[in-house]
């Protein structure tokens, strides 16, 4: 009978733990509360099933424990019962998938008015690039990356010159603005993860990936890497501060652009050395503008 | 299909037809070796299918410079076809109880296969000499990978062939050899088919 | 003849298909070392798997020491930690669980349960073990090469797996991949045996639907393994070429230490697709044998037929089929085409339905049963609770939008340990306690067994249930240490300490278990034949343990399904599968022999 008690305690105790433990998600800071809602629905449906099944099993262990004078029932199958259970489970599954897939549909549909920003990850630091006054990010190529052009911005692209570069410092985001976060890596897989934002996505070298969000409360939040990227994986940290619009504008004006930080790279004067390099740049930028939109 | 009929039966019910007729309970009357080879060929099919899917994926999405096609590859293809013909000859001879035919067919089949593998190594040599290293681009890498996988599977077949040759050398009769000859023949035809597909894709890309 | 009366029981030939070619070993070496007897091979597989599994267990203690008490154990560096993480995962999933369920249990139980003398290709079976051992040795060697073992995570994702910055990228990864290639070759050889033996070598009367669910589970899992391991093989060979020859199957343009490496236009995602095309079926390769074993042990110890046998078979088969179309639920945040998420979330949640049905049927087998709370039964009940928990958290992760915040957090670690680590291992324990009397003629010590059970069950639940909540907080996985954050409360560190202490306690209980096995082989209470009164063929051998050739001079003839427990009208509460109908003692009869099975045995529903 110890087992019966233990089963009941585990089932009930798990529910109690859920409501009383100090470990729960951090308060959300983005528009993705429909993900949180889907999680709550999942807890309700699965929690009820879990508790019901375990308590029923405890009952069976108690009621049908061995007795030499008793005899077990002989019933090879009960199609009706099995079909009912199948049907109820399917309904439960539909109940889980519906809010989940609706939330996912939102996740994959980037709003038209989303502003693009770029996160450039590498072992083991985070850098950021904002579109600047023209509102557009310049094209880039990994082949253009060197000490004078750490983001590999294409000098022939006029949109790139006013891109705001943030190296080794905190990112800021404006409150209430739809933001499409483009993710680029120059070496291995990383993942840009801010627990308060809920949304995250891997950075894949050779590709540009993305996710979108809308910050909904101000504050400063930790950025963690969420895809194993070598021995520095656990110290690849940064932070993102969500500001009200005026404070954000003030911060933005204090940041430097590509043209200001790396004038030689920005005007292309140290790259146009040979015909081959010039041809390289043309080929590269044509490829990049394709790959930026193609997400595989 | 038989299998669906089988697994919808209710085994706790008496099935008089079943017990009465003493069926072979669904086992195939094929020898175990043939069943085993068929299962194994499914495994090999999965390996090559996945590699070819990866090949197609990279062909469309990566920078691709097709490799040259040394004419030796055509010779090798002919050698492989001939080795399949020889193995089939051995198999037919086994069916007709003709030990001499079995011996000759096996011998030629093996020798021609060794010639094919030598030819493949020669192709590799030629391409490396011309500078078409595996690391140069994806098309090269896939060429070497696919031909290596195919060659290694043939080498495995040659181990089975070797055991049959040994048994022959030790005075085995046609009855002793028939199953292994038939299995080798099936395997050889299968690997020929794989080679024709690989070769065709190589020519097309 | 339509009333099912069986005639001429004395002259039924035992097998219509050819008997397995039995090899009779003559020397010590060919009998005990290079043995072709599946029972010996099974013990070889099991011993090797358990030994390497103990290495994996110790690695997990090292990891938990670092996570629980990061400041105390400063001799564990980040490089060490990531190597522990990687080797622990790879060893446990592949070299312990897969090898033990298929190579260990499969080899011992399949010939016995189907009524054959041995596997159909005994020589190949023997070779398969030695190839597996070679794979284990190569893997272990990776600890001792320059740079040490790989630290890329058991998932071995490129580009990092073969680049500097990841431990073992010089030699460790090469040995890891070569070891996997050998493992796959060895397992193909073994797998051919298991599949063809079940298809071809069943005793007379043993139709597919009279097979015990243990055989269905292992058989289906083997088919999965034969079709899924090639994906790992292809991915592994390609990665080996990327590392050794500098090809670019998976390597795009990469800058390291300011220099552009020589690679170009490879796709890291291609590896992930190949890996998970293998990786998802792999978890069912481990789970399906466990499902089968649980069904058989519960029904034997509850003296009741497994509820809904047909549905259980169909569930096993449909889970196996569906397992090939869910793989990218491991890749929701990988950067793959986001629209794939709709498809894979749907298929993943669909696969929950047959899995849930199996769980309901296990519980319904207990209902109206006559339940012996023996140690095997205790472990099975614990399995049901743990697997239900783990399966449910899988529903969270399978639902794509819900996975986004939870992926790569401790929630995932807790989920897969519940469902792959604890649940199948509880079944392994149940199976060992259940079949130990068959293999040795003795029981394992009951008192130590109860100690082992309670510590393992409760301890494991206390380790992994709270861990899910660390995932909700946002604690990432594969972190050497959490360090300073603004959002993780200090109580999380306390929870980590608690979990580490529980891990060490549970670990100690496993040592007790191993000692129990070693001592009970010689000093265990004798069990006699068929101590659990089971119906299946492995318990109906002439001798216990079964001798060479399993069944003596005559192979068994099977007359009924594997679950004739507590049949109304029969005196005993079980009818072995091979008992001739005229030998069944009816209840309340005067001992008259009746030539047919009692009608209730075959009652239509």
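Just so it is clear, A, B and C label the chains in written order, and each chain counts residues from 1 on its own.
By definition in this document, a contact is a pair of C-beta atoms (placed from the backbone, for glycine too) under 8 Å apart; a residue touches a chain by one contact, two chains touch by 3 or more.
In this text the structure is predicted, and so the values were computed from the model without any measurement.
Trainee: Give the chain pair that accounts for the most C-beta pairs in contact.
Mentor: Counting C-beta pairs in contact per chain pair, the top pair is A-C.
Trainee: Please indicate which chain is farthest from subunit B, where distance is taken between mean Cα coordinates of the chains.
Mentor: Ranked by distance of C-alpha centres from subunit B, the top chain is A.
Trainee: Express in whole angstrom the distance between the two chain centres, defined as the mean CA positions of subunit A and subunit B.
Mentor: That pair's centroid distance is 46 Å.
Trainee: Express in whole angstrom the distance between the two chain centres, defined as the mean CA positions of subunit A and subunit C.
Mentor: The mean C-alpha positions of subunit A and subunit C differ by 33 Å.
Trainee: Of all the residues in subunit A, which ones touch at least 2 other chains?
Mentor: In subunit A, 76-77, 296 touch at least two other chains.
Trainee: Scan subunit C for residues touching two or more other chains and write them down.
Mentor: Each of 265-267, 305, 309-310, 563, 603, 605 in subunit C touches at least two other chains.
Trainee: Using the touch definition from the top, which residues of subunit B touch two or more other chains?
Mentor: 10, 12, 61
Trainee: For the complex, give me every residue of subunit B touching subunit C.
Mentor: For this pair, the touching residues of subunit B are 6-14, 16, 18-20, 22-29, 32, 35-36, 39-40, 42-43, 46-47, 50-51, 54, 57-58, 61-63, 133-135, 137-138, 140-141, 144-145, 149.
Trainee: In their complex, what parts of subunit C are in touch with subunit B?
Mentor: The contact residues of subunit C facing subunit B are 1-4, 6, 12, 16-18, 120-121, 188, 192, 195-196, 199-202, 204-210, 226-227, 230-231, 233-234, 237-238, 241, 245-249, 262, 264-267, 270, 274, 277, 305, 309-310, 313-314, 317, 559-561, 563-564, 596-597, 601-605.
Trainee: Where on subunit C is subunit A touching in the complex?
Mentor: Touching subunit A from subunit C are residues 78-79, 82, 151-153, 157, 159-160, 163, 165-167, 252-256, 258, 260, 265-269, 302-305, 307-311, 333-339, 341-342, 345-346, 349-350, 352-353, 356-357, 359-361, 363-364, 366-373, 378, 381, 384-385, 388-389, 392, 395-396, 399-402, 404-405, 407-409, 458, 461, 465-466, 469-470, 472-474, 476, 478-483, 485-487, 489, 491-492, 495, 563, 565-568, 573, 600, 603, 605.
Trainee: Would you pull the subunit A residues touching subunit C in the complex into a rising list?
Mentor: It comes out as residues 3, 6-7, 10-11, 14, 17, 21-26, 32, 34-35, 38-39, 42, 46, 49-50, 53-54, 56-57, 60-61, 64-67, 70-79, 81-82, 85-86, 89-90, 93, 96-97, 100-101, 103-105, 107-108, 122-123, 142-143, 145-147, 183, 186-189, 191, 193, 195-196, 198-207, 209, 220-222, 224-235, 237, 239, 295-296.
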